[in-house]
Every structure is written in structure tokens, then in C-alpha cells.
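Quick notes on the structure that follows.
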Amino acid sequence: MAKENFSIKSLGVCRIDAPQGQAFFIADDSSILIDASMAGCKKCKGVPDALEQAGPRQKIFFEPSAVRAGIVTCGGLCPGLNDVIRALTMVIWYRYGVRKITGFKYGYEGLCTSPSHPPIDLTPDLVADIHKHGGTILGTSRGHHDPAKMVDFLHEHKINILFTIGGDGTQRGAMKIAEEVERRGLQIAVVGIPKTIDNDISFTERTFGFETAVAMSEIPITCVHMEAKGVRNGIGLVKLMGRESGFVAAYAALASSDVNLVLVPEVPFLMKNLFSFLEDRMKRKSHAVIVVAEGAGQEFVPVEGTDASGNKKLGDIGIFLKKTIADHFAKIQNPVNVRYIDPSYIIRSAPANADDSVFCFRLSENAVHAAMAGKTAMVVGLWNGHFVHVPMKKATHTRKKINPTESLWQSVLHNTGQPDLCGNY
Amino acid sequence: MAKENFSIKSLGVCRIDAPQGQAFFIADDSSILIDASMAGCKKCKGVPDALEQAGPRQKIFFEPSAVRAGIVTCGGLCPGLNDVIRALTMVIWYRYGVRKITGFKYGYEGLCTSPSHPPIDLTPDLVADIHKHGGTILGTSRGHHDPAKMVDFLHEHKINILFTIGGDGTQRGAMKIAEEVERRGLQIAVVGIPKTIDNDISFTERTFGFETAVAMSEIPITCVHMEAKGVRNGIGLVKLMGRESGFVAAYAALASSDVNLVLVPEVPFLMKNLFSFLEDRMKRKSHAVIVVAEGAGQEFVPVEGTDASGNKKLGDIGIFLKKTIADHFAKIQNPVNVRYIDPSYIIRSAPANADDSVFCFRLSENAVHAAMAGKTAMVVGLWNGHFVHVPMKKATHTRKKINPTESLWQSVLHNTGQPDLCGNY
Amino acid sequence: MAKENFSIKSLGVCRIDAPQGQAFFIADDSSILIDASMAGCKKCKGVPDALEQAGPRQKIFFEPSAVRAGIVTCGGLCPGLNDVIRALTMVIWYRYGVRKITGFKYGYEGLCTSPSHPPIDLTPDLVADIHKHGGTILGTSRGHHDPAKMVDFLHEHKINILFTIGGDGTQRGAMKIAEEVERRGLQIAVVGIPKTIDNDISFTERTFGFETAVAMSEIPITCVHMEAKGVRNGIGLVKLMGRESGFVAAYAALASSDVNLVLVPEVPFLMKNLFSFLEDRMKRKSHAVIVVAEGAGQEFVPVEGTDASGNKKLGDIGIFLKKTIADHFAKIQNPVNVRYIDPSYIIRSAPANADDSVFCFRLSENAVHAAMAGKTAMVVGLWNGHFVHVPMKKATHTRKKINPTESLWQSVLHNTGQPDLCGNY
Amino acid sequence: MAKENFSIKSLGVCRIDAPQGQAFFIADDSSILIDASMAGCKKCKGVPDALEQAGPRQKIFFEPSAVRAGIVTCGGLCPGLNDVIRALTMVIWYRYGVRKITGFKYGYEGLCTSPSHPPIDLTPDLVADIHKHGGTILGTSRGHHDPAKMVDFLHEHKINILFTIGGDGTQRGAMKIAEEVERRGLQIAVVGIPKTIDNDISFTERTFGFETAVAMSEIPITCVHMEAKGVRNGIGLVKLMGRESGFVAAYAALASSDVNLVLVPEVPFLMKNLFSFLEDRMKRKSHAVIVVAEGAGQEFVPVEGTDASGNKKLGDIGIFLKKTIADHFAKIQNPVNVRYIDPSYIIRSAPANADDSVFCFRLSENAVHAAMAGKTAMVVGLWNGHFVHVPMKKATHTRKKINPTESLWQSVLHNTGQPDLCGNY
């Protein structure tokens, strides 16, 4: 059983038999170790940290015929949003027999007392093919709204299960909704499906859309590689997603094997070392390919303030590098051609690839199981290969990041051949 | 036979039998009507304008064993460059038995007395698979060079056939080389393969890479369509190639059928009408997709000067529209989300699609036939479904453009439903 | 004006003004030369063969509000069917204001007195996104039906424009419907959109779906190339569409440049020469790639009878070659690994690529213009770059084929390096 | 530390410092739990089963300058083979400084005393771009060879590290080589990289190429879906890989969400139930899509014997179902159109997708680390998210299969809505 800070809140005791008499259930006290190493197992004297295992429960909390489920998608686009909307609808409809499923439009705006666009009824027919296309049929938006008003709205619409699909800002908002629900003694389960293309949510080893994002990143990387090789002293530069965590950039470089330099938020670099590396590379190969995560090198492009989602604003490291590198080589009279791409929209708006579609379906199934069992204030995640429940508080507390002294970053160094750009190069 | 201004220059009389004794040859006086309508045939009393038909000649000018062929690629990347390099090499090697084929690096820079990078030998083994990848294995550059020096260089390297792959600037440069060759009484055939992703070369109904560019344009159009539908009042905006001719934008809109507005250089528009159209569209549909050719609406973004290739510099109509549209809707207190993509590099660096690969092969075959027959100062083209020879002077004299009163633009209007944005809307 | 056998039948005099007062119209006596060469223009003393030019007419035959249009798709799947259904619907709705558009299900079966599935109403909303997917939303079938009964059905449903999308069997059926209509003195325009993935309809230089088929053929060709290179003495074999005309096979080979041997119906071959070629190739390269059109080498696989569409049944040349080649090399104790793919469904079910989508839209526009002008018993085609009207009788009279002594086949020989496999090899 | 049966053999004590003084190393006694659940941790009283963790060791066994590494690829094609060849070469070259790397041609045939084709030298330049293409540059073959002769050959060529890329037959062969090496007291490390597109190797949760295979399966599934919907009573049928384990079929169905029935080896079915399901489906929807793993329903298609790799021969369940289903519906006078595809080659010959490329690189890195540390008779795998060493004996002992009572198969049932086809339907 999970220790206190990983324990999952519940709306109450589950007394109702799950429908359809299926044979497969997960015991409610099953849990998955956070550290799957032998050392991890041993060090805690039998009570290591663990996460509640997800899956269908034999006893559920909600009577299916009494359920009104709602779905909302928030934040930027991410591959797989329609897969998740589709799967939530299909599974709660067919597996549990729920017939009232509502899609709220344009994120939390759709939970306001007078939303700009009315909610829509979600049915299997309506959602059958939506996963073939990118985007979200519900629309999305950024920004915070008063939890009290949103709970008023949910109560008024008799919603008792709310699925919140979004990033850490969204899940923090969902947590406030769940707290307000609890304060009022209502019975509304709030279950999050974490959506972060950066794959930076804690206690889930994978988030949907991430693999597709990595795959889509090959388009601009191959492109700037061709462009860089196509001119004398060509330097291809691609800015990828990654506000605080460079997973997309790291994986994209590993997938392509065309990249010579990866810059991520977790690994600082000095411009003089970056110049030295490029000068050397121009001499040896006449071209180079750089991938930079949007959150890397923020000390060079300081800005202030936050966006509508409450995220710290980022300076544009891509534009900065493009200009600074061109200027440097002009100054040393060895001009280079920098070809720069910021493919953000092209990546975010793609439909999920096959493996992400599988993941979306299974993740959403488990979100439905959790909600029907009355779990709340939690998100579904994947840990050590098992679907798990993670308290929203834990999931949003710190970001998952690349550890530069561990295996993934070492793979990047081996793949690219890039040196340490921080110390004495 | 073609009238005077379409007649093709030749290095001399063709006395050598074509190798391999194949049965298929084109008579040297075959020609293709410029106007294939009945009216065109009748109006000129038997001597309508016509273009010399391309194809293998029974008698050729060069003794294959004496040929040293050179290939150069100039200007921006374009899908199919490697297909053309490959096909020229393969056909002149296998069909004619030529064994000395040289690739000059980085455009006309490679024809300078001391090029930054030495030329490379092109063989069937080297070029066998290059067409699977975008870019150009020869590299490219922009900018003019002294024809006299380039002819010195060619003479010194004993090149007697030069294939120039490039746009109208490149072919004007090639024409000057051919003139200098003629002035000196040398025997160097200069044969151009027109490369313009805009498809704006006169007297060729198609240029290589154009169809691939249209196909690749679907990526950003689908993307901004998803993005525009994914938010309240979303406006997707894509800037496509098309300095003076909007063919890429027009075809991309027809291919996608997701576009609501196409702006091209040939069809002026008023900003107030564009705003009215968008206001109306936001009311009816809450989202819109706009495709703008880079050369459209230049009166709104005046700039001066020319680039290294001698092309008039263009103001950035994409950035202008993005800002101006957002500002307008902010002012009328109905804010919109503009999602803007400039996919230029992604389109230019793509490998040729299947149909372009076929076209590249057949176009290059005909360029080889022309060169071996001693034709010079000409480019190969496609007209009324036949490969033809076009004097460089005619090909570069005026640009091919969309005629707004003819069939193609009418198709665009039918497909998009866009109104006349110029008059009283 | 076209000579007698190319003249287009009409339901009567066009007295009604085309709607919307647009400026662009095609004069009804515009025509396009069949032979666009200078020789063609000269030889006929001013009256060369020509085809009526397609396009919008200033005066039309049908009052739009009185029109009930019907659409039917017949025969096998072909990329672009949904594009054509969509474009016919969109253009007749928006350009002409017609509001009654009916889709008949499962080909001519849907025109029977009691069709298995009822017709459906086609509206812009219904068809908006169908072109993103392969197949046909109307379904299709093979087989003939009694023209008299189909005309009864059309009359009963008050259809006055029928669009028949299908191959030569379908258009012959459509011709019989048109004849029956004429016999009864009815006013039903029957306009065909030729659908043949083989691109073998006479007097149209291109049919929709053909380019996509060529592009999709790259998948199995690349695959067997990899498979063939991946084993000792690997021979990759792909059977492509092409009952009597080998255009798909020829273009696919040119597009890929990985093919060593192309077998088409128009060019006979001897098995002993094919073996000699392969033995030689195994010695030199240890692998080979063969593309065979389904109608090639039928003398080796004789069968009798016709299919439901009335097409002569074909023996399976793919299976035959696979076995015969393997047996031959086993016999000479130099066993080979033959990897055979018949990708027919994968090619036929693909969505149209970008260029085919453009073509489908423009072709369908012209079909609508023709029908509204009361033209009948004709199909729309493309000739010398212009959309034209072709009498169904001419279009279905003979098939367009590859001429082995002309340019296209020569390109194939140059590209593959394959020898003459017919004579004394 | 792992218990006895998971312990890894070693050539001897590691006394040499790993080159380059990097900071990241894995302690040699690190291990990963086989069961990562809390129950798993508790049940074994502190010594649960575990697998040795992979990664770079601080002390290695081989002096890099003395290493001659060999690589061999065996069995059928699989996406990622070239990625693995490339990564092994790159990492052992750049990370360890090894300069003698040999690729043996056509599988174990290349290790015979007189191989049909000589080995090739692998260098970074040679392998730089091979991962962009499917297949294997080394070629492959099936079949067993005498371990003694192969060890003679390795010894003669002074190979001291052999990487064997192949399935369980290959790894059993490798185990015999390792045993023969041990018997002779030689110092040759034999390290396997498991290659099974079926993903059925024990103790590795993922094998390379599997995700790509699932992704490629979408092509035929989408195709037969279009074909099935395009005719009356259309039934699309796709046979996918999966001799004893249906993972590809299960994941492909989950990815597509277009599949109505998944048949896998692990879940028996009765033909009468299958017919009942399809009859019902034809009534409700007029079309259906079936995916069948090649090893499913073998009781209906009994065959005897084994193939060259020693695998039990399989009857062709795809052909059987195609015929049997068509016959059944003909008999009940409700004929169906069955569209059947066996896309095996198309899937196997594809290049690795992005996520598989990442996996191949990291897997190969760990194989290099293991070999340099003198580990032998083992394969690298992934378990609970960590790279691990698995004794060849354990890896090939039993196959990993779908457990029909657990989560994955339940997801398939939810996704497809298919009933239990085994009991009383």
C-alpha cells in the first residue's frame, strides 16, 4: 500500500458491483514501487514508496445510470487529445453503460456560468473517427477561472465525473475544483489525464503525445540537415518544445542521429564554448545541426512575467542563437548560413501516431475505471510499465527532468559527439 | 519549324551517329504549337508560334568519348535537385557512353578560378540513391559571377557540356556564359534545366519540384486548420512560395479544400475587405484558414533592394498580416488567435514525390539529348504535354503568372468561396 | 469546331443565363487540337481533329432550381472518388445553386427499382471532409443492369442530371442510359467522369487516381528492394495495376529508379530471355527488382471468361512469375529468394494525393458545367493541358496504350537498363 | 544481486579502466526487480528475482586496441536492423576507441569457413546514414550452422566480441557459440540483441521493430476498412505477424480503433461463433474488419514440419479464413466481399520509426558496454524501464505471451467490442 503522500482520495465507499461481470479486476490495495531496483526494494524495510495501481475495480462508487460525465481539454494542442476524448467516451459508454457524456468547449472557459459556446453531447457515433485527426474537437484555451464558479456550473449541470485533460496548470486547477467539491461535501470525482508534450509530469514515465512529438520533430531536423548540407557553412537550427525539461530535444536527437548539438534547460552552456565547437565543426565538416529546447539558455534571453496559463514567459532562445551565431561568424570573417525552424504548431497539431494511440486508449480506460470507483483529485500515469494513480498534488509538485549524470543524457552525448559546453572547453 | 524568336542555337552541324542504334529519334524540325486550340492553329495561316520538340537525335554533335560534362545547381533548394543530378549522370553515362562527368560545388561559385571546394566526379555508383533524399549533393549558392572567368574555368577544365540547374537568375547567368562561349568561338553547350518552385518560367507548363511543393504545403495547412479550429476565433495563416506568381498557393488551396482565402501577387486586395470577410467568417464559423503567397500584398510592406540572386527583396506579408489581423480584431473587441506558419524550408528541402521524380528523369533525359546534339543557350521545358527546347532568352523574358480571369483562378474561387476582395465588397 | 465523330450531344438549346454573373466563360465552339504538333496543325488543311473545350457556358440548359442531380460510383476503388463526389456536390450547390443532390449507393445497383440501400442526400456539410479518406462514401459495385429499368428509376426520382463515375464499362453503361433517355425523349443529362487507375481511357491524357497509384506503388517497390538486398540472390517482384496498358508500372519504375525490369502488356517478352537477364543480374549484383503489370505475359497464364464488369479475366502473372523464376533457379542450382507483393488494395484504397485532389476538383467542376449546359453522353477529359468534352463512344472505343517505340517506353529502358526481352537476347 | 538463474556469465575479471574518464557508470551489482509491485518486493524476503542492470562499467575486460568486434544479423527483416548495426559501430568506435569492426554477410552463413560473400569493414562513414533505410546492409539468412566451425572461423579472424542480432533461434545458436568458446577456453564475448518483431522474448518488455510494425500495420488495416466500407457486405481481413504471441495484432487493433475482431494464438475461438458475430455485424453495419495473427487458429489449418530457422511451420490461417468466411455467407445466401491482405514484407522492410530508433540506439549502447565488460551468453533487454542483461538461456526458454485475463487483452475487448468467441456465444 502506498505511503501517506501517495494515497488517493475517494468520494466514499464502493458498494456497487461493476457491470458486465467481467473477470479482470485490480485489487484496490495493489501498488507499484516507485524504485524498481533491488536497492529500492531493500532500503525501505518493507514499506518503500509506491503508487496505487490503476485498473477496473470489482466494486464501484457510482451507479452508472446516475452518472453525468464531463470532459474538458485545456492548454495548447497535443497529439492524442481526440484519442483521449474518444476513448473516455467509448469506455464509459460501452464498459459502464453511462449515457450522459458532455464535452465542454474551449477549456475551463466552458465551465463558466455562461460559456461562449454551449457544451456538446458526446456519443460513440460522434467520436468514432475523431482520432484520425489532430487538434481537439472540444477546443481548448489557456487561463484560470474561479473554482467556486466552476463547481457551481458543474453542480447546476449535475456533472458527477469530470475528466480534466491538460498540463500541470490544468491539474492544479482541477485540484482546486476537487477541493471546492470536497469543501461543499459534493460527490463529483475529478480525474486528470496529464497532457504535457514536454513529458515533464512527475511520477508518470510517459505522457501522451510525447512520442508523436519526437517523431514529428524528424521533419524539421531532416529539413535543416538538408538545408545545412546544401550551402557552404550551413548551420541548421531547430527549436523544439521543452520549457524546463529537454526530453523532446534529447529523444529527437537520438531518433534522428543527424544532430550535432543538443541544448536543453537542464544542461547549461557557455556561448564561447558553443562558438568553439561550431568553428571546429565548420572546419571539419562545413555544416552542423543544432537542436535547442525552448527553455534552454534562458539566462541569455531574460524576460519577465507569465502567460495566461501562469507559466513563466520564456525568452526566444531560437531567434537569439540564430542571430548570435550568424554575427559571431560574420565577425571572424567566416560567414555561415543559419537555417532556423520553429516547428511548434506542426508538431502540436499532428494526430497521434500508432503507439500514442494505444497509450491514449489504455490511459483513458484507466481514468474511467478510477472515476467510476470514486477516486478524485488524482491523475492517471504510467510507472514501471503499470498504469497507476497519482495524487494531483504529487504530479504537479515538481517537474520531471533529464538528469545529466544519468543514462539518457549520456546516450545523447554518445549519439551527437557533443562535448561539455559548460566548463573549460 | 519554330519562328525566329523561338529558334534554338546550335554549336554546329551534327555529323556523328547516335550510339546504340536505337530506333526512337525525334526529327530536328519537329515542333509543338504554343497555342493548341483550333483558333491558335488557324489564326497564323500555317505558321503559328511553335517550340522545337525535344528528344534524341539520330545525328549528334559531340563524340561521346570526347565529352566532359559539368553540372551545377544554383539558388534555393527545390525538391528534385538530386533526381536531376542523378538522371543527367545516368543518361549521359549509359545512353551515350560519356565517362567524364563533373559536379561543381555550391553553384556558380564552383566555376570560379579557385572555388572554395573542388569539383567532384559523378558516377552511377555515387548518384545511385541520392534521389531518395532532399537537398542537392552538389550544394548551391546565390549570386552572380563574371561570365568571362567562368568560361576561363570551363575551358581550363575542358568542359564541353554544362548543365545549369536553376531559376531565371541562373539561366540568365547561363545565357551570358553561352554568349561568352560564342564570342570566343568555343564549343561548349550550355543547357539549362529550369528550377523554380514557383512554377513561373515562361513556355514550360511545369517545373520540377512544384508538385512536391504543393503536396508538402498540405502539412502546414492541415496544421493551422487544426490549430484554428482548436481555439475560439482561431485564424490559421500560412505563407507559401510565390514571389510574383501564386501557383503554389492556388494549387495548395485546391488540394486541401480547407482554405477560406488565398492571396496571390496577381490579385490585389484591400485590407478593409479582408477584415470584413474575416469578421463575417468568425461570426459564421469561428475559425478561418488563409494562405498567402510571399509576393502578395507587397504594397502593404514596401522594402527596397535586391538579394544576392538579384531578385527584388520582398516585405514580409506573413508577419504583416499576422499582426494587422490580430490588431484589427483586438480593436473591435473580438480578439482572435492567429496561428502563423512560414514553412519555406520544410517545403524546399523535401525529396521529390513520385510524379516529380518521373518528371525529373524525363526532363533530364531530354536535356542530355539536347546537349549531345550541340544545342546551346536553351532550357528544356514541357509544353502541351511534349518536352521542348526553349531559348534561354524567351524562358527568362517574362514570368508565367496566374490569369485571374481564367480557369485556374475561377477554380480557386469556387473551392474557397472567397469573394472579390478588391472592389466594393 | 470538332469534326463529326468528336461532336457532343446536347439536350437542347441553352437559353438560361448562368447564375452569379461571373466574367469567365468558354465559348461553346472553342476546341482543342488532338495533335498539337506543327505537323498536326498543317496536315488537315484547317480542319484538324479537335475536342470541344470544357468550361462554364454563359447560357445554360437547366434552370438550377429545377435540377435534381444524381451521382453514382462504379467498379473498383480508386484514389480520388471522394474528392470527385465532394467537388461535384460543392460546385453544383455553390456555383449553380442546385439544392437537390442525390448519391446512389453501390454503383448501378443503386439505380435499380428496389436498391438494396436507399440513396442519400448529399450536402456541403456531409461531404466537407470526405476527401481526406480513401474509398467512396457511396459504395460501389461491378456488373451491368438493364438501361431501361435504370431510366425508369431516374425518371421516377425526377433526376435530370446523372454523373457516372467509373471506367469504360461504366461509361458504356452510361452511354446506354443516355441512348434510352434519348429514345424516350427525356431531358436527363448523363455526364461521365472517367475513373481508371490504369490511365487507359482514350482522349484524356490523365485520369484521376493514376498519380496517387504511382506514388503508392513506391511502398511495395521499396519494400521488395529492401527484401531483395537483404538476402542472398533476392528477387523482389511487384504486380501492379494495368490490364491492357502498363502506365502504372512504367511510371512507378521511373519514379523509383530501383527497378531493373518492367513487364507491361504492350511489350512481349520471352521467358528464356527473362531468365538470361536475371542470371546475369544475379552474377553482377546478387539481387533484382521486377515490376509486372497484371495484364503482361497473359500468353503464359491463359484463362477464359469475364468478370462481373465484363472485363476479360486475367491469369495471375505475378504468381506465375514467382513460381517459374524460383523453379528455374532451383533447377540450375543457384536458388533465389523471390519476395512477391500484390499491393492492389493498398493502392486502390488510398486517399488522393495533393495533385490528384487538384485534378479531381477541376475535372468535377467541368463535369458540372457540361451537365448544366445540357451536354450528354460524354465524359470530361484533359487534353493538351485543357479540359475537354469527349463523346462516350470515342472515350470507350479503344484503350490508350504505351507505344513501345515512343518516348515514355524509351525512358523506362534508360531508367532500368533492361534489354529487349523479346528478340534474340 | 540477481539470483542464480539470472546471473550473467563473464569472460573474467575487469581490470582495465574504461576510457575517457566519464562520470557515469553502473555498479556491477545493480539489479532490477522482475516484479515491481509491492507484493513482489515483499514476498521474497529481501531476495526477489532480479536482472542485472545494464550500462557502462568503470572497469572493463577488453583493452580497446585489442578488440576485433563482429556483427551478424539473422532471420527475417525487422525495422531497426540498420539502426542497431549503426549504433554498435558508432558507440564501440567513438566511446571505446575500437577500430576493427567487421560485418558478416547473410547471417550465420557469413561465419562459415568459406562464406559466399566476404565480411565487410564497418566504419562510422559507412554506417552514417544506413538507419534511414529499412532492411540490413549485412544481409541475413535463416538456418543453423555448426557452432564448432563458427568458432573456428571467429578464432581465425581474431574476433573477440560477437554481436548476434536475431530472434530466439539466433540466440540459441549464439548460446551454443558461447558454450563452444567456453569449452575451448577462448576469450570471445557473445552478446545478443534480441530481434523479434512479435515482441515475444521473455524478460524484455519491448523488442526493437515492434512499435514500427504496429505503426506500419495501420496501412493495411485502414486499407481493408476502406475496401470493406466501399462495397455491400464488405469484410476486410488482415493477417499480421505473431507466431505464438499476438502482440502486434492486439496493439495494431488498439492503435487503429477500426478493428471489430482480433484473433490471436493465445485466445481460442470457434468458427461458429465467429460466423454468428459476423452475421450480426453484417446486419447492423454491413461491413467488418478482422485482424488475425499468423499463429491464431492453427487447429483449423494443421501442417507439419519446421522451417530453415527451426520454427514450427504454420498453416495459412489468413487464406483459410478468407475462403471459409466467403463460403459460409454464400451458403446462407448473403454473399460477402472479403478483402484480404498479408502485409508481412511491407511491415518487415520498413525503416524504424522515431521511437524505435531511439530504442535501438540505447539498446545497442548497452550491448557494447556489456561486451566490453566481458559479459557473454547474454542478451540486452528492457525491464521495468531499465536496460538489463538477460542470460540467453532465460531469454529463449519460454515465449512472452498475452495473458487473456489481464489488462492488455481487456483493452482489446473494450476497443473492439468483440465477444468471447470460444464458449457459448
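Note that the chains take the letters A, B, C and D in the order they are written out, and that residue 1 is the start of every chain.
Operating definition for what follows: contacts are C-beta pairs under 8 Å (C-beta built on N, C-alpha and C of every residue); 3 or more make two chains touch, one makes a residue touch a chain.
It should be emphasised that the depicted structure is a prediction, and the values quoted were computed from it without experimental measurement.
Colleague: To reach subunit D from subunit C by way of touching chains, what is the minimum number of steps?
Modeller: The distance in steps between these two chains is 1.
Colleague: Please identify the chain with the largest separation between its CA centroid and the CA centroid of subunit C.
Modeller: A
Colleague: List the centre-to-centre spacing of subunit A and subunit D in whole Å, with centres computed as mean CA coordinates.
Modeller: The mean C-alpha positions of subunit A and subunit D differ by 29 Å.
Colleague: Between subunit A and subunit C, tell me the centre distance in angstrom, where each centre is the average of that chain's C-alpha atoms.
Modeller: Centre separation, subunit A to subunit C: 46 Å.
Colleague: At which residue positions does subunit B touch at least two other chains?
Modeller: Correct list: 133.
Colleague: In their complex, what parts of subunit B are in touch with subunit A?
Modeller: My answer: residues 77, 106, 109, 116-117, 133-136, 139-141, 219-220, 222-224, 226-227, 229-232, 286, 339, 341, 343, 345-346, 348-350.
Colleague: Considering only the defined contacts, which subunit B positions touch subunit C in the complex?
Modeller: 1, 22-24, 30-33, 36-42, 46, 48, 50, 53, 55-56, 86, 90-91, 94-95, 131, 205, 211, 214-215, 217-218, 251-252, 254-257, 353-355, 357-358, 361-362, 365, 384-387, 405-407, 410-411, 414-415, 417
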